[in-house]
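Here come two complexes built around chain A, the first alongside chain B, the second alongside chain C.
Here is the complex of A and B:
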């Protein structure tokens, strides 16, 4: 096993039961400063080693990447990977990506500015495997060796010093799922190169060429969504049952009688939530209904296939799947004849529908897509809600979803909203476009096979845990004061739930979490009792 | 005693009783090992396959005996009437809608608070109760 400080990109092809392991973790501030930073991770089980790829760092992210049984299968795997790499590098087959891709492959000066920016590299105290350019370097070496004349002729002399075998490819696949695709590295790169994009390209080759992707994203993600309408498996009858339940519950909670509009033709706004909200955080769609009704907006939900779940996991690993889903979502909006789609609190759906899908269709097929944030900000600015911010008189911090801030530049509206409803609003450091990922980005929050959650709970969320502890340092240990993390994104919320449970922050320190609309509803002047259950006791 | 020492001080299996005990111990070990490897278990002659988190892959094979077996894997020693109230609600909902009900609905319809549900099913409504009720593992951003 190679030490985290001495690991080189060319080592990826070397035979070893396990290439390397995490030997150190970034220390956390109090009250966790006594935690051991030399982690004792459980060894992967023997049957996992036999069947899957545990030879990178001992963790398995891709639960469908199985070891081949014959030599032929092994060779076929490598051949197909190279074929996929060829498509990645061709303008014909990768048109939308080719320019930033080629720049990122060819121009890296290895200045390592990006390493400082990466929360995963920092969380492991600088483990080489997680250096943002480590993965890119491995990819570059393979490209050099098989797709350039100099590499073919001169090999190691020109940097093409890597053995390409099943293990190399499989490890590279696993390594593409050790990056949250937060693109903080791309933001800081003086040359504008994008390691996140390269990580995603590797995932794409695995899915599009080898048919391999984590079950949570593909089989139980995009495929389930295309079949049932939602990656949660939520069907139309179940959706309608839930909406009815929300109306009853909402009335009980707030005394407000609201008929939630469904399939209202010609409405101004089609609001689409991440369907996970209905299942796990129903107060969120309830709060949206209250605010949109109070503000008198002309809005509706859709019960059409793919009209009630805004997620698009294709964004994380597969262009084809991303496009299929995006187009079906547009179709649901077109059928209703709405003027625009408005996205609820889901970060990746924001980027998928507003930015990525923008180039997937045109003309009459296209429906304008917006974030809910500016709309909510305007509602508040225009005084269309009667607010009493003193109802939220506890420390509040904002976790910025990467897709909303860094990828889209929506930064100020959510802050204007918080300033209007939360008198004790504290920013994390850093925040806005310089935020850190929640650790669950790019699908990690829902990937729970084998020992992957152990990696996530200790490594990828670590920087966010540090930020949370720091921002609440003055009141943390006083459990009589609730502390609220506003995380306006379902995926980030999943990650927050994980963090608060794993580090026992709710149980011991009364740290709570939810989205931004709940906070606004809790500040409504006419509510007799708090909207938040944690304020009721 | 299963073993005795011979003159040289080496351990030796003591007679037929010891032999039978050892063989059965080894058989149990092999059975357990096979169960782990194939990720399935057997109840009343039915082989039930589970995924790596222990959720049964074919919900149609579920019955009360299967529930009792799964309960033991989720720190539930005995299924009481209260447990069954939750399990039956989950199953009925699943039969009707093809998906597990939202947690809020479970608490409201069964009358148990979330805290009480956690007392009944220590690993929680989704991981614990749904698994025992034979529902598939929740998917999506939940």
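Here is the complex of A and C:
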């Protein structure tokens, strides 16, 4: 096993039961400053070692990547990987990304400026495996060795010094799932290169060529969504039942009798939520219904296939799946004849539908898409809601979803909203476009196979835990004061749920979390009792 | 005469190969959007990283673009390597020394040719005084500062890569060679310069180039010309051609947030791109239906 400080990119192909391990974690501020920063992760089980790839850092993210049983299968796997790599580099098969990809492959000066920007590298006290360019450099070495003349002729002299075998490829696949694709590193690159893009391209080769992707993203993600309408498996009849339940619950909770519009043809707005909200955080779609009705918007939900779930996990690992889902979501909107799609609190759905899908088709196939945030900001600005911000008189901080801020430039509306409804709003450091990922980005929040959650809860979320502890440092230990993390994204909320549970921040320190619409509803002047359960006596 | 031909060949190779590289990138198909904020052209919003998507009904509104904002950011990055300065100052001092040195040497080259032009029309440099004298001293200043900074920067970067483990493990022999090549070329230039501090040999060589006359060079100058020529041919073939790539990474990738609206240039490109039918596709089972093929 190679120590984290001594690991080199060319070591990826070396035979070892486990290439390296995490030996240190970033210290956290009080009250966690006494925690041992030398982690004791459980060893992967023997049966996992035999069947899956545990030879990177001991963790398994890709639960469909199984060890071959014969030498021939091993060779075939490597051959297919190289075939996929060739397709990645070809204008014929990878047109939609070829220019940015080739730039990022060609120009890295290895100046390491990006390292400090990465929350995973920082959380492991600079473990070499998680340096943003480590993964990129392994990929470059393979590209150089097999796809360039200089690499074939000069080998190690030009950096083409890596052994390619099943272990190298499998470890590289695993390593592509140790990056949240937050692209914070790309903000600092003096040459404008993008390690997140390269990590996603590796995931693409695995999915698009080898047919290998984490079950949570593919089989129980995009495939399930295309089949049933939602990655949660929520079918149309079940969705309609849930809406009825929401209406009843909403009335019970707020005294407001609201008929949630479904399949209203020709409505101005088709509101699409992350379907995970209906299952895990039903107060969120309830709050949307209250606000949109109070503001008098002409809106509807859709019960059509893919019309009631805005997620698009294709964004994380597969261009084809991303396109299929995005186009079907447009189709659901076109069928209803709505004027625009408005996305609820889901960061990656924002990016997928507004930014990524923007160039997937054209003309009449498209429907304008926008975030709910500017609409809500305008509703509040126009005084269409009667608000009493003193109802939210507790410390509130905002977690910025990377896809909404860094990758879309929606920064100010959510702050305008919070300033109107939360008198004790505190920014995290850093925030806005320079925020840190919640640690659950790019699918991690829903990937729960084997020991991957252990890695996530200790490593990828760590920087966010640090930020939360820092922003609430003055009131943290006073459990009589609720502290609220506003995370306007389902995926980020999943990560917050993990954080608060794992570090016992709710149980011990009364740290709460939810979205932004719930805060606005809680501030509605005409509500007799709090919308948040944690505020009820 | 061979030196003259070689000099022209090297210079033209540099220009042609650099342009070829840029054209190759420019001809690549339109890519999916990879906006990364802050985007400096977002008028009134760039300061905090905002975009047009902060407005409800953004597709009905005018996308307010500040070309001055983009130009300012680009110039700061090109002239001062802003991101490196902000995020890794210790390396910036060394890298900027190298880059500033190169910029000064480009300025020196222009001054050398201007001085040679003066001499060709009968204005002696510097003895005619006035502008000729100014050019003479500016040539010395830019040449000396440029050479020293380039030599220091390339040597310091080479040394840093050799001794710092976090750099060393990512550096190939070719990357050491690149820095050594620059350093050697500059040192060979300094070696010639110390025999003639006023760079009269430089103007003489420039006159030869401008009039297609054989270059008169001693052994030291011959070595310098050959090294510099080879370096000029070599740079565009390597990642040192990032002067071309950087335009695309920022302007055409990270800052390209132009939406695909009806009647827009982007829409036209998407329409054209949709005519392309790939002959091969990806092999995974879920790619074996028609609608996900791109």
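By our rule, the second predicted complex is superposed on the first by the 537 of 537 C-alpha atoms of A that agree within 3 Å, B and C clash if a C-alpha of one lies under 4 Å from a C-alpha of the other, contacts with A are read in each partner's own complex, and residues count from 1 in each chain.
In this section, contacts are C-beta pairs under 8 Å (C-beta built on N, C-alpha and C of every residue); 3 or more make two chains touch, one makes a residue touch a chain.
Just so you know, these numbers come straight off a predicted model, no measurement behind them.
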Partner chain(s) touched by A:216 [first = chain B, second = chain C, both, neither]: first
First, second, both or neither for A:368, with chain B first and chain C second: second
Partner chain(s) touched by A:359 [first = chain B, second = chain C, both, neither]: second
More chain A residues in contact [chain B versus chain C]: C
First, second, both or neither for A:224, with chain B first and chain C second: first
Chain B versus chain C as contact partner of A:282, first or second or both or neither: first
Which superposed partner A:8 touches (first chain B, second chain C, both, neither): second
Touching both chain B and chain C, residues of chain A: none
Footprint of chain A on chain C - complex, ascending: 25, 28-39, 42, 45, 48-59, 77, 81-84, 86-88, 91, 95, 165-167, 169-175, 239, 242, 245-246, 248-250, 252-254, 257, 259-260, 262, 266-267, 270-271, 273-274, 276, 278-287, 291-294
Residues on chain A engaged by chain C in the complex (per definition of touch): 5-6, 8-9, 80, 83-84, 87, 91-93, 95-100, 102-104, 106-113, 115-117, 128, 131, 133, 137, 150, 154, 156-159, 161, 183, 186-194, 197, 207-211, 218, 223, 318-321, 323-324, 327, 340, 354-356, 358-363, 366, 368, 370-371, 373-375, 378, 405-413, 432-434
Interfacial residue positions of chain A with respect to chain B in the complex: 47, 63, 216, 220-221, 224-225, 228, 230-235, 237-238, 241-242, 245, 249, 274-276, 278-280, 282, 309, 311, 346, 445-446, 448-450, 490-491, 494
Residue ranges of chain B touching chain A (in the complex, touch as defined): 36-37, 52-53, 96-100, 102-105, 108, 136-142
